[in-house]
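In what comes next, subunit A is part of two complexes: it sits with subunit B in the first one and with subunit C in the second one.
So, the complex of A and B:
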């Protein structure tokens, strides 16, 4: 019973904290660029405002357009249920399989691309086509980076992988581990629409990928999508943190351990968020035709990660 | 202790390998020079680590000299040359960037295959770095054959040399100091000679694009001219 309760608290945590993470990254970026910046809790206000607004839907839109926000939100919530956040093993016995997690996240991306095409606006179509290009190139990298971890742990279960790394602390500095981290970090930037690949803070038509797809959304639909993309960012960051630097995560239901696990998770996510803010301040957006090259860098890194974990084994 | 040693050398070798991938991914000649500098620092650090764990104090001198030569002197000269020539970017390599990166990955796989017998037989704690060092050698060679600018090719050669140095350190715990000194001198001489060639190419063609060398075709000259104008070109 406590297990299920804990898992629900996990999901509630992701729901509650993810807008703050988005706000934190925006605030840090503003500070680094010598602007004062909106407060960290600004995204909460934006969500409340959007939920209060009416929804405008194009006449040509089909059911796909209306269903997509719910599918995106629900699939991201389902992922929040499966990943190890504060405690391992993940309590609910659904199996926290890496492959399930990654493809649930991609399900949302797929429906967003469909919805972008659905309204028939040229921007939506352009955004969908770009998003699919990026997703198709990011896909093999994610698979390879996963395998490099799974080979080390002998299982694709996220909880098992984390436990395995906890048991053998020296593997953290192993080359396969570091290369895999770098590869997954680059893919994370691409998948969550962060800077060198996509610009999350602009509606300037030529630079956008993710923003172009959701251009037609308004009101509560937009709120759901924005919230889901915040959660996706939080989940990706906590996955990176827990898979590659698992220390602090709780291994039992002991309250003190859980508190430490929670603090460790938030600390690690904040550190990664700072890294993203610093990167986005320093880097310019890549030209679209350079994006495949960046993704092939991450593919090669993942390939090297897999080979070196095989050899070490 | 041994596991820490092998972890550190494997880590250093992978970092050095990632630096050589920077040569395939970046385009500006200055970033090539920085990648080479970082790689040299990493290789020198690996040398010092091998010296510490292998109880060989000579290797500290080798590491120091390596740092001085390849992380200070040669990058300085490279940057100065780049400024004097004014060439900025490697814009149109023979093989495009994405393909180069994939080929680089395949070359590393190849080096795993090639060094497999060596790694299986050896019981050195440094053995896991050997395929990576071999990969650096292959990538250096690939840079030389797939890039057009003479300066990039020189950096490719230097990276290849770094790979060989790393291979020597990991495979044999370093060769005697006197041999290392000879190798350093060779590298320095080779580098200077290439610099001279570079200036000649730049002066003759007003560009360091080696494709221009194709314009050097033989012209039929009358015997009388050949006597007076010998050695020209």
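So, the complex of A and C:
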């Protein structure tokens, strides 16, 4: 029972911390670009403001448009419940499977893309079309990265993969591991709409992807979607951290271990957040039709990761 | 129980008779009732075989008729009996309402006969126990399908499609006859049990040839690349409830045949069999979905997506052969179960989507997606059902497509246990291909649903579209329930399918540890997931969010307004993204596959290039294999035919000479043979 409760606390953690992660990356970026930047907790104020506002819905839109924010938020919460964040193992009955996690996130993307088409706005259609293109091209990389992890652990169960890496610490430096990390990092940038694939801070440029798709959303709907994309970023980063550098994660329900696990998780996520901020300061956005090249780089990396994990095995 | 199948067959015959005898509504009702009754009884027989796990001889009354006519349902065939029932009952119900629009235009009697005949031959195919019976039923199925495709026989595309269909089907039929001759040592009336023993004494070369012939023969019917060209032509032009049967069931029966031969009758094959099947499956999966993405005809899109899903089934079947050749029986069984589950899941969701597309066709008179838009407000039921089917087809949790694709993934990931690095590497590439196909399918079904049902209507017909009558909605509703049930209850269904797999596997091997419970676990603990818990989580989370916003923020405040348009007024449907535009980025990315032909012509004002009168843009996709494979082939056939024509002098004397020469030749061959 405590296992399930602790897993629920995961969800609360993701809910509570993810806006701060978004704020942190924005603040770091501002600092690196010689700006003062808004405080880290600015996203909380924005969410509060958005929740209080009335919603304006296009009269073209159908029920799909209204249901989508809930579906996106709920699927992200479900992912938060499935993944190991602070401790392993995840209760078996939940089925903490990596493939399930990936496809649950795709479920959210699927409905966001539909909502983009629902209002009949050209921006929405543009965003949907591009988002689905990027999502489709990112899938094979994810599958191969999963495969390379599964070769080592003999399972796609997240808890088992983490436990396996903890048991054999040398695998962290194995080439398959490093290549897989690089591949998944690129895919993470694409899936969470960061530079150089998409620019999270533009509105109304013809280059944007995610922001074009959700252009018609306002009020509580927008708040739910923004919050969900923050959670998605947090989950992706903590998965990257826990799958490839699992140290510090608690293996029992001992309070001290859990505290260490929490601190370790936050530390790792902050480091990855700094990396994103640095990248976004250094890199310019790629042209849309250069993005497939970037994703094929990640695909080749993942393929190499699988091959080398077979050879090293 | 044994006579249940006899009753099923008899009911189909009654259905055919009533189609001829009765007129109008009575005829349509009788056809639907008999088809639904017969197929549900067949499905009941299938379920009882699966639950008992034993082979059951069926319809003994028929074998009294002639000793050669032996029907039997073993667990593998039973799965497909169930599939026929799952799809045919809703399709028949739907057909009652749908075929009303055919009254006075086309022959309802022919349509009713064809529907029941198709079901009859499908049932015979999966219960036949000898090659001769199987081939008879198979050919009957082909011809019934041919007649079904020809329903709207006064249109040029229909005739073209039917010709392609029947031509490729018969090339496939030839391959099957030769394959059975090889396996049975020349005796087509031998029983399957005899063939099983005979195959053990065959040389690896003969078995390999039989395998390739089976792949080609069944692949021609299943629509594997490059034998699929007829499928996207033929499936869309049939009446929609028949399209549902063609894509949902007939194609699966070809998969049944392939599994029957490659996993059962031909014995345990070497790994290269599986490799070939995996490769062709991966090419079909990606090729099918890539072309599905580019279609503007909604039913054609669905037909191409069938090619994709056949590819996925073939990947799973190929993986089963590979695993068995390495002695990894548990994984082989997992692969077979995944293949069968995907056959069920795809049968149900593809039938649902075809019926949904049929409702749209019924309401607007068009299949062209560029004419649609905004239908979700005009056809709320149809759009909800179609969305459900689209989510399942995109393999998203917690619906049926995800459950089966998850198992295929798990099976492929099990490839890491193969000792040879090559074996594992092939599996990993197949997993990558499967993931790409899955991602593209998600894009494809966002496009299919979003462009058709959302946004503003792009034509007057869509503007005034109406919801379908009750019988059609009921048919779709049943299939939608099927998608949900297959998505949520794999842990109940999988152990039953595992019986079919063990029957195929080793005849009497133990059922592997497929856990029965809410969660679905793979054998020897690869991983597990619980679709039930997942669905609960999603529902609870969505409800909790809504409630907590309401409690914290008070009542929802919502205002309706026009879509924001950058300062312009008057949103029209011409400003929306079109189906073609939606797929444009992917068309560019995969330009080397599509080789699009584009033609832009601009009319300028005679005095200045800056004033444009009109821009015409035309674009077409070439199907590379059509250009490089079928065109030369057809050309060669034509040249040969021209030469052969010289023999046709029209003179009776010459023909008599031919006849006597042929007889002489046959006698000589027979003499040399013995």
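Please note the rule applied: the second predicted complex is superposed on the first by the 310 of 313 C-alpha atoms of A that agree within 3 Å, B and C clash if a C-alpha of one lies under 4 Å from a C-alpha of the other, contacts with A are read in each partner's own complex, and residues count from 1 in each chain.
Convention: a residue touches a chain if its C-beta (ideal position, glycine included) is under 8 Å from a C-beta of that chain, and two chains touch if they have at least 3 such contacts.
Keep in mind the model is a prediction, meaning the values are calculated, not measured.
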Room on subunit A for both subunit B and subunit C (clash or fit): fit
Contact breadth on subunit A, by residue count: subunit C or subunit B: C
Contacts of A:304 with subunit B and subunit C, given as first, second, both or neither: first
Superposed arrangement, angle subtended at the Cα centre of subunit A by subunit B and subunit C, nearest 10 degrees: 90
Subunit B versus subunit C as contact partner of A:143, first or second or both or neither: second
Subunit B versus subunit C as contact partner of A:2, first or second or both or neither: neither
Partner chain in contact with A:77 - subunit B first, subunit C second, else both or neither: second
Contacts of A:175 with subunit B and subunit C, given as first, second, both or neither: first
Contacts of A:292 with subunit B and subunit C, given as first, second, both or neither: both
Nearest-approach distance, in Å, of subunit C Cα atoms to those of subunit B in the combined model: 8
Shared subunit A surface residues [contacts with subunit B and with subunit C]: 292, 299, 303, 307, 311
Partner subunit A, residues of subunit C touching it in the complex: 373-374, 376-377, 383, 387, 391, 394-397, 402, 406, 409-410, 412-413, 416-417, 421, 424-425, 428-429, 431-436, 438-440, 442-443, 445-447, 449-451, 453-456, 518-520, 525-530, 533-534, 537-539, 541-542, 545-546, 549, 552-553, 556-566, 571, 573, 575-577, 581-586, 588-589
Subunit C contact footprint on subunit A (complex, rising order): 51-52, 54-64, 70-71, 73-75, 77-78, 81, 92-95, 97, 99-100, 103-104, 106-107, 109-110, 113-114, 116-122, 124-126, 128-130, 132-133, 135-140, 142-144, 146-147, 150-151, 154-157, 160, 204, 215-216, 219-220, 224, 288-289, 292, 299, 302-303, 306-307, 310-311, 313
Subunit A partner contacts - residues on subunit B that touch it in the complex: 3-4, 7, 10-11, 13-14, 17-18, 21, 25, 97-98, 101-102, 104-105, 108-109, 112, 119, 128, 131-132
Contacting residues of subunit A [partner subunit B, same complex]: 170, 173-175, 178-179, 182, 292-293, 296-297, 299-301, 303-304, 307-308, 311-312
